[in-house]
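Two complexes come next, and they have one chain in common, chain A, joined by chain B in the first and chain C in the second.
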Partner chain A sequence: MADAPAGTIYDVGYQRYEGVRLGRRHAIWALYVHSLRGVFGIGRSWSSKVGPMGLAVIALVPAIFQLGVAAVTPTELSVIRPEEYYNLIEVVLAIFCAVVAPELVGRDQRTNTLSLYFSRALRRQDYALAKFGALVTGMLAITVIPQAIMFLGNGLAANDFGDYLKDNWTDLPSILGSAALLSGLIAGIGLIIAAQMPRRAYSTVGILAAFLLTSIIAASVFETADQNVGRFVLLLSPFHIVRGFTLWFFDATPDPGTQIGEANFHGIAYAIDAVLVTLLMLALLFRRYEKISP
Partner chain B sequence: MNATVFTLTLRQFAGQRRSLLMFGLALIPVALAIIFRLGEHLDQQEETANFLANVVITLILPLACLIIGTSALGSEIEDGTAVYILAKPVPRREIIAAKFAASVLIAAAFVVPATVVSGLIGLQGVSEEGIVTGFAIATLVGVFAYTAVFILLSLATSRALLFGLAYVFIWEGLITELFSGTRFLSIRQYCLGIADFFATVSEQEFEATIGGPEAFILAAVAAAGALFLAVRRLESFELTNTD
Partner chain C sequence: MTSWRPPVYNWWGAARFGPHAQPQDTERIPRLTLIRTVGLTKRYGRVTALDALDLELERGIIGLVGANGAGKSTLIKLLLGLLEPTSGVGEVMGRDVFSQGPELRQFVGYMPEHDCLPTDVSATEFVAHMAQVSGLPPAAARERTAETLRHVGLFEERYREIGGYSTGMKQRVKLAQALVHDPQLMLLDEPTNGLDPEGRDEMLRLIRRIGSEFGIAMILSSHLLSEIERVCDHLVEIEDGRLVRSVPMTVLTAPTRVLTVEVDSDGDRLADRLRERGVAVSSSGRFLLLQQEDDALLDLIRDSVADLGLGLVRLEQGRRRLEELFQPQASLGEEEDSRG
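Right after this comes the complex of A and B.
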């Protein structure tokens, strides 16, 4: 025993990674795709699918109702007009965001996996950007699809699809533009709240409160305060912003009885406001992920 | 009831950001009431009663109870700390009782004062007509019923929050409004029934579909039933990986 070597080094066969390194851009893309699948619970258990899929179906109900009406009545009759659609499903959209956003960003914070992401090619802003992109895409899916179904259905129910298309083709850019602004706005607000509070219960209720309660507060301030001051409060409520710019995109005049009608802003004000709020939320989200200790 | 579990649960709710959210939820009705008072009103009693019904009972009360009820036991299950409680020689009914008592205490401490203060501000200058008393009792009863149901939900499924939201917004918000025959299965309607029972304003101003005594009994049955089932569920609880 005494003359045995003091220590022996064994070759246990550790190897360096020799393959192709796909780099930062691929990492962003991979995280985006993974997150987008997570938005709808694809690749997860059925209980993760129930929420987002169920809400997506509920968001379709008014479109299907309109199709039924269009099929039964002989003349072109729009019970549900495209510029009113988001107004009808705004609570569904808020619940969708409140259910999905905490899953997207909260889970990585709860399970301490952020440090794993940040130790790879992915930068901190890239993480925020991929998550934001995934939620925006998810929101786009549940806003554009019902509108597209309604557009196609109305067109096919009309006497001549070609004529319908010729008369109403301007609706298509309106649908896409308003849906894009709406998705960016709601996703931005949802993610910034979810990133602050990793606990699911708190962030879900926080997001809902941010949409529903600001809407109520803005409405009652508007009713009470002086018109010239009070109308600016509407620009702070996400639901009012969405209503405002959707009407502008579809070139519709708001009903005089509604608050949007009384506030009498030019429609573009809501659109600019939505862009500004979205950019602010993105900036805050970047800052949050720069500061967060994984 | 187990005093240690009770105090631990109270402490669990005392995080900074979380209690900030609860404060926000409680302050919003007060702020709304102040905004409301600044305006001109034809019928302050009617409008205050409707405000308490549409904002406090419909939104603030269920949302506050949803957070607290689903996370009292739910966050322990999610974090994996439930094992340590369940492994102790404490009867499961005592755990449920302690969790329930702590949740009710916290939820009531936020929601009931919010109701009373916003009601008093809204009715300032006119006679109260039992509106504040009615809604205070209604929210208190609501806290008991909602919290019990949400605790049961957090034990029955790992998606308690989702099903809780679906119950509040889709069942109570949509289906019971459309099909009034289902109203006896809605905690919101119990609360409105109780508030209506105590408030002496005329029927056009504020009217509930369920009578006061029935609403009280139904709420008690809902709370007791949910707690009984929660104890049963916890007695045969299997810890699984939730995330």
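Right after this comes the complex of A and C.
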């Protein structure tokens, strides 16, 4: 057999498949798992892994720094508070999304693989949902893990881990809730841009602009326009929204000098805003795949 | 060939076949129509790609022919539920393609005309993933992927990235992903596109084998009539989005009354001898074309060749060729008996 020329068709007899067929839910799950592996470049070449893995490691740096400080100082010293963590890594999160989202959805459009997916046991919305779920899970990994490391590290550095857990356990739902909201928001915005612009270079720039430029523009408008109007512009900037609901989740008050402090919205307004924007992005994503011609 | 049984679905769309299926009296199940369309129409703005198509087809290897832009790919995409029809009804294996798409597509394989493969994954990884997205459990998907890649001749190359494959190998991966979940129906859109003659030959052999030996019904779209003639047992012709004919291939390629004779030398002498005996003879290059009235002509040819001391190289009953039928002046009044 080893001497046979490449491309030889071996006559081994065809076996019909008589087992179970698991249907649409399994198809969605399979696409979700495959896409999640793709988020971190698993099953692909090394070059596909470098970007997302590298950014995931960078997102861990503040947590590791905090751990180091907690380990060497004799007292409980919290250099980075949990509600501040996303402020520190928000640009990393935006770049992660800008690197991953175009690969996640743009690639299938560029290579026309979409027609193969749509001719399987899936509906078009299922495809969008699986991709959204995969990116949200990927984003959750790089937001929850650093926060969890900080929480555990601070606990282990404390005099009594049990006491630390008793005093700070409310941080855990706050970590999960804020990370989920943040991941949904960033994934939704990133995916709709990537789905509209299949070419990787364009969508990467578009996603970065959507996060970074909106933040700069919203901050400028807030500073220059009438504050009654300008404060609402902050609700259009993803980074401001994240800062707002993170403070609310951790029951922290914004510093009076910051824009979030001056805008004076109740924290829940940012959380509701994040949910609405995420749902809007998801609806637009569904619509995009409903209309797209494979 | 495996007996044809309809899938059994549970409440959320998973389906079972074979020994795992709910017991059924297959004798009482009527022979299902493979494809049925009623007034199926697709318009893109002012352009009508498919115009009120009424079609009923049973299982087999069905060739879909028509010029570029005739509506072949549109019909395939409508049958897959990839496009929404402007009006009309489409059913595949008794299921509505638009409302029951995901359930139905567990049993349908599709090989598109265009490039559709990611370049940075291996054939094994991609085909196994596609098997799972068609509803197969992971272990079965892996097992069938290895088997399918062996059948299409890519077993040795299965761990290489698809981006490094030749055009012929990519076509085989496309075929493998359409076959891996053991569909009941495969829709192949111009499967020999971009292949060299040898690659085309091998692809057609493989397709014929899948249809005849594996027992999988097939719709094969091509604008090359020779391919259709070689592989298919039924032909559907579409022109400007309308159905022109839907007939068994045996009708189209029925024997004619023309005998083709080739001798090793002095064909003219043989022609003269046959004309003397009242046979209508014309020549086409090295061949003599004889109008056959009855079997006595065969004896006459044998005797004449022996008398003249010639060597008989070929004696062949003529058959109609698809190419001849698609000439503008061709008329086919007798072919109206549709397969359905």
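Rule of thumb we're sticking to: the second predicted complex is superposed on the first by the 275 of 294 C-alpha atoms of A that agree within 3 Å, B and C clash if a C-alpha of one lies under 4 Å from a C-alpha of the other, contacts with A are read in each partner's own complex, and residues count from 1 in each chain.
Just so it is clear, contacts are C-beta pairs under 8 Å (C-beta built on N, C-alpha and C of every residue); 3 or more make two chains touch, one makes a residue touch a chain.
Just so we're clear, the structure is a prediction, and the values are computed from it rather than from any experiment.
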Applying the document's definition of touch, where does A:L208 land relative to chain B and chain C: first, second, both, or neither? first
Greater chain A contact set [chain C / chain B]: C
Does the superposition put A:G23 against chain B (first), chain C (second), both, or neither? second
Examine A:R199 and indicate which partner it touches, taking first as chain B and second as chain C; both and neither are also allowed. first
Regarding the shared-chain residue A:T113, is it in contact with chain B (first), chain C (second), both, or neither? second
Which partner chains sit in contact with A:H266 here, chain B, chain C, both or neither? Use first/second/both/neither. neither
Which partner does A:R81 contact after superposing on A: first (chain B), second (chain C), both, neither? neither
With both complexes superposed on chain A, which partner does A:I95 reach: first (chain B), second (chain C), both or neither? first
Chain A residues contacted in one complex by chain B, in the other by chain C: 48, 107, 111
As the complex stands, chain A meets chain C at residues 6-10, 12, 14-27, 30-31, 34, 43-45, 48, 107-108, 111-113, 115-123, 126, 293-294
Chain B partner contacts - residues on chain A that touch it in the complex: 47-48, 50-51, 54, 58, 91, 95, 98-99, 107, 110-111, 196-197, 199-202, 204-206, 208-209, 212-213, 216-217, 220-221, 223-225
Under the definition above, what is the set of chain B residues touching chain A in their complex? 17-18, 21, 24-25, 28, 31-32, 35-36, 38-39, 55, 59, 63, 66-67, 70-71, 74-75, 78, 157-159, 161-162, 165-166, 169-170, 173, 243
Report the residues of chain C in contact with chain A in the complex, numbered from low to high. 2, 7, 9-10, 12-20, 77, 80-83, 101-103, 105-108, 110, 112, 114-121, 125, 129-130, 132-138, 140, 144, 147, 150-157, 161, 168-169, 172, 177, 181-182, 202, 205-206, 210, 213-215
